[in-house]
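Input: structures, listed below.
What follows is subunit A paired twice: with subunit B in the first complex and subunit C in the second.
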Partner chain A sequence: MNDFIFFINNGLIAGLIIGSIYALGAVGVTLVFGILRFAHFAHGDIMTMGAFFSLIIAYLLQAAGFHSIFALVFIGMFPAMVITALIAIGFDRVFYKPLREAGARPIVLVMASLGVTLMLQGVIRLFGGVSARNMFIDRPKEIFQFHVPGAHRPIVLTEPEVILFIFTAVTVVALHYFLTRTRLGKAMRAVSDNPDLARITGINTEHVVWATWIIGGALACAAGTLLSMDVALKPDLSWNILLPIFAATIVGGIGQPYGAIAGGFLVGLCESLSVFNWAILLRPIKPLLWFDIPSSLAIVPTQYKLMVPFVILIIVLIYRPTGIFKGRVL
Partner chain B sequence: MSLLSVTNLHAGYGQMTILKGVDMALDAGEIGVIVGPNGAGKSTMLKAIFGMLTISEGSISFDGADVTGIRPEKLAGHKIAFVPQEANVFASLTVQENLEMGAYSRRDAYDGIIDNVYELFPDLKNKRRQPAGELSGGQRQMVAFGRALMIEPKLILLDEPTAGLSPLFMSVIFDRVIAINRTGVTVAMVEQNAKQALAIAHKGFVLANGQNSYTGTGSELLANPDVARSFLGG
Partner chain C sequence: MVQSALSEKNAPPAAEWRRDLLAFAALAIIVLVVFVSQGAVYSVRVMAEAGCYALLALGLTIQWGYAGMFNIGIMGFLAAGAASSMLISFPANPKFWASPGPMLIVVFIAKLVACGVAIWLANKAERIGISRRLKGVLVTLVLIASFIVISRHMTRMSHEIESTSGWIGGLGLPVLVGWAVAGVVAAIIAWAVGKICLGLRSDYLAIATLGIAAIIKTFLKNADWLTRGTLTVSPLPWPVPTPANGHFILARSLYLSVVVVIMVLLYLLLQRAYYAPWGRMMRAIRDNEDAAEAMGKDVTKRRLQIFVLGCIPMGVGGAMLIHFAQIYDPSAFVDLNYTFLIWVMVIVGGAGNNRGAIFGAVFVYIVWTVSAPIALWLFHLVAYYGHQWVGWQPPSDLDSRALEMRVFVVGLAITLVLRYAPRGVLPEPQARH
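Let's look at the complex of A and B:
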């Protein structure tokens, strides 16, 4: 039973956690992909930047003598989301919009976003240094333990993980409501579906572009902050997260927000279940087996974890390029 | 004065000029049909009116205002609607949502207008929660019309509305065009099925090689032996 709890903690829950992060990031990427028609590589660094804003605001709150049962960095996350959203719109206005209006091909926009990535990497290191930072500046994070009868190992959930699950659930519901019940949300779906017809119909594409960056930027900030709360804030957060997020986006179908969420969880769970040492689950039935179980039955060694989204991406691109939810093939 | 007045229009795609000095005038409440061989510039004409390509010379005036080269987004404000030939619905949105998007530029309540559209196209009412991409070609065309009607346009531009449809649906579409026209909407329609189209037209414009070839009322053109020989299959 203990081994099963270990599986739940380190296989299932770990997969859902990283899956939630990927889902939140992938929604932004897929919206930009679908509406602005390019792969936004700077998304990972916007996540890092957003996390830094959350931390800075947390420090400001602390200096102002603010107290709360919630972690200061979590409270700081919300204004940070607004700031990140505005900066995302700013980047679009300065870097991407002029290229769009000059009729640049999508690959040129991708290169521009790579440039933004490098710029952000430098700026973040310039102001934030290169070391890892703990986001819980006021008090250590809470750890919740759930004891299951029959096992003395508890199911463990940390405070940032609980916040992340709740935040992701709320985001999914809110996003669904926004896309299916509001005028602007439907307009976003329309522009993603057929941008030429959207212009002819009289839909204000400017508003739709803003909404895309606001949602993408805000969710990127949240994903970056929540991930850093769970681990630590490092300036190179983006490198390891960009590939899985793009894999999640493409698996779900480009331009399909629900696909991005499903894709995020799929990639996250595949990752954590691939590096999980399945030998541990076989331990209870060891006496029944006539052969020796090797000490490590992980499908992929932990250091090669990044291989998993890569393989998923290759498989999807070969066998089902439109993704689960049949998105666009760009 | 004409509602729509196109004078000496030279227009095309980038450097390529397709229309070389075309004139067209439609009075309010008329159905105007543009016919001609492939490549004559029929669709180009509609796209030029709707500001979708380069106009090098000439002018377009609508309801007294100069709309030459105006950006497509602004034309809903002038009460001009355009139904393109292809990709003319939001396939992933439901029929109802397509209509709602048609009304995007409106600031007022438009439930009454949606009801009118469903009255004009009763088939759509049953399918209003279905994604438009799942409907048949003829029904999709109706959604495209309905979407255009949501701004209560004074002028509606239709680019080959019966293209690819069965003969039965063709009659239905032409019938609906007449019905729309009876509510006071001026129609400018490009059509490949010249005979049936000219039969319902108040004015007909035959284009060839980017220029006016014959102009007259629908019945005049149908009776004209030259027109009949060239475009109407005798």
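Let's look at the complex of A and C:
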């Protein structure tokens, strides 16, 4: 029983947490991919940037003597989401829109987004350094323990994890309502399906582009902040977070927000379950087994964790390039 | 047809020649300034490294310039090339050959081949009348089984080799053989990546190459049995006498001449290929895939071909670069120096123009090397006056942060060039038929 609780803590919950982060990031990537038609490589660093904004606002709040039952950094996340969304629109105006209007091929936009990534990385490391930071500046994070009858090891959930689950659930519902019930949401889906037809029917594509960056930027900021709250703010995450997010996007089907959420959880769970040491689960039934249990029975060694999203990506590209939710193949 | 195409090739208009001449004359002046101000020992080193970068840039200009393929995993191909060249040319480790290690490796290769054949056969299962669904199950089972077999053997093998002899050591063959193998290994990896991604849009290729580069780096960092992992291997041999006895200028100049010879050979080959029917076909595919396909060109196959061809110079150039530094250190393979810098070189120089790639490589590399001291100097200046005027206390890791500023500059260069000079300094010659 204790071993099973260990599995829940280190396998399932860990996977769901990182899965929610991937899902929040992948929603933005999939919207940009579907509506603006290019792979936005700067998304990982926008996440880091957003986390930094939250931290800065938290420090400002602390200096102003602000108190609340929530951690300061969580309060700071909401203004930071607005700032990040505005900056995302700014990036579009300065770097992507001129190229789009000049009729550049989509791949040139991908390249520009790489340039933006590098610029962001440079600025973040210039001002933030490269060391990891703790996001809880006012008080230590709370830890909730749930005792299960018959086991002395509790199920452990930390405060940021609870916030993350609630935030993800609220986001998914809100996103669903936005995309299916509001004018702008429907317009976004229309542009994603067929941009020319959408323009002919009188949809203002400019507004759609704005909405895309607002949603993408705000969710990226939230994902970055919540991820940093759970562990620590690491300025050098970039590719390590970006590749799983791209995998989640493609697995879910490009241009499919629900697919992105499903893909995010799928990739996150696969990642944590493949590095999980399955020997721990087998130990209790040792007498029933005909073979010796090796001390480590992880499917993939921890240092090769990045291979998991990559392998998922490859398998999807070979056998089902449209993704689970029948997205577009660009 | 072929004859007329070949005779046309020698007639670039005079304006293009003048422009190229001007650019290279300016470059020569810059190189001269570096020689005079920094001394010959340093300058020859910079030039030799710039020559290696020119090879990498030529590889990229094949992929991006000729065929519009977006490879951002150059670092991975370079690292794979460097590691394989190191394994071929480094002196042998006698302890390894005396241990049961070689046998384990032979068995490992046999198992790899067997698994590969099994997967291939499973994929062909419908030929013997197995239904599609059943085939899917079969392929999955075979994949899982091969994964278990390979990973178990690898765990045992790496443990065995690390405990008995440390690492497998090199083969002690000539360096030039190592460089050739570097090209072959890069080509094999490129074939596998391209086979999966090239049928799809180029964004997928970008994602896949980025991923494969990260994985190759992780593997090389952790494979202690194969490449000593992060312990680094040195000194790597040179094809010419090494500067071990103090003759830095002579040794480095000899190395530089080897680099230049290989670069010129590649350049001549590429010039010929560019103006040949083959090059024209590639540009046709790049500019209008559908039209090229309608003309009966096998687009996917051609793209795979050019992707593999472009990765060969990357493997070779990477091996040459690492051999020149004489130390193989997998932690030193970073995207910025070995992927994005090369992108800047190609788009600054002019994509699709071989002379442009060489110009861009030498120019950007010189700028890159002088940018480190300049960035440090600037930041110390800021720190000094900041302290004097407002009593600002600079952070202790100012130097490393100053060098991060170069990341910003590389990104800025990419976005600015794309927006204001998308064709680079030496644009691709316009075809006139």
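Here, the second predicted complex is superposed on the first by the 330 of 330 C-alpha atoms of A that agree within 3 Å, B and C clash if a C-alpha of one lies under 4 Å from a C-alpha of the other, contacts with A are read in each partner's own complex, and residues count from 1 in each chain.
Note that in this section contacts are C-beta pairs under 8 Å (C-beta built on N, C-alpha and C of every residue); 3 or more make two chains touch, one makes a residue touch a chain.
No experiment lies behind these values; they were computed from the predicted model shown.
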First, second, both or neither for A:284, with subunit B first and subunit C second: neither
Partner chain in contact with A:187 - subunit B first, subunit C second, else both or neither: first
Contacts of A:119 with subunit B and subunit C, given as first, second, both or neither: second
Touching partner for A:239 - first (subunit B), second (subunit C), both, neither: second
First (subunit B), second (subunit C), both or neither touched by A:204: first
Touched partner set for A:317, first subunit B, second subunit C, both or neither: second
Touch count on subunit A, higher of subunit B and subunit C: C
First (subunit B), second (subunit C), both or neither touched by A:196: first
Partner chain in contact with A:108 - subunit B first, subunit C second, else both or neither: second
Common interface positions of subunit A, toward subunit B and toward subunit C: none
Footprint of subunit A on subunit B - complex, ascending: 50, 72-73, 75-77, 82, 84, 87-93, 97, 100-102, 104-105, 147, 151
Interfacial residue positions of subunit A with respect to subunit C in the complex: 33, 38-39, 41, 95, 98-99, 104-108, 110-112, 114-123, 125-126, 129-130, 239-240, 242-243, 246, 250, 301, 303-304, 306-307, 309-310, 313-314, 317-318, 321, 329-330
In the complex, subunit C residues that touch subunit A: 68, 70, 72, 196-197, 200-204, 206-208, 210-212, 214-215, 218-219, 221-222, 335-336, 340, 343, 347, 395, 397, 400-401, 404-415, 418-419, 422
Residues of subunit A touching subunit B in the complex: 183, 186-187, 189-190, 193-194, 196-205
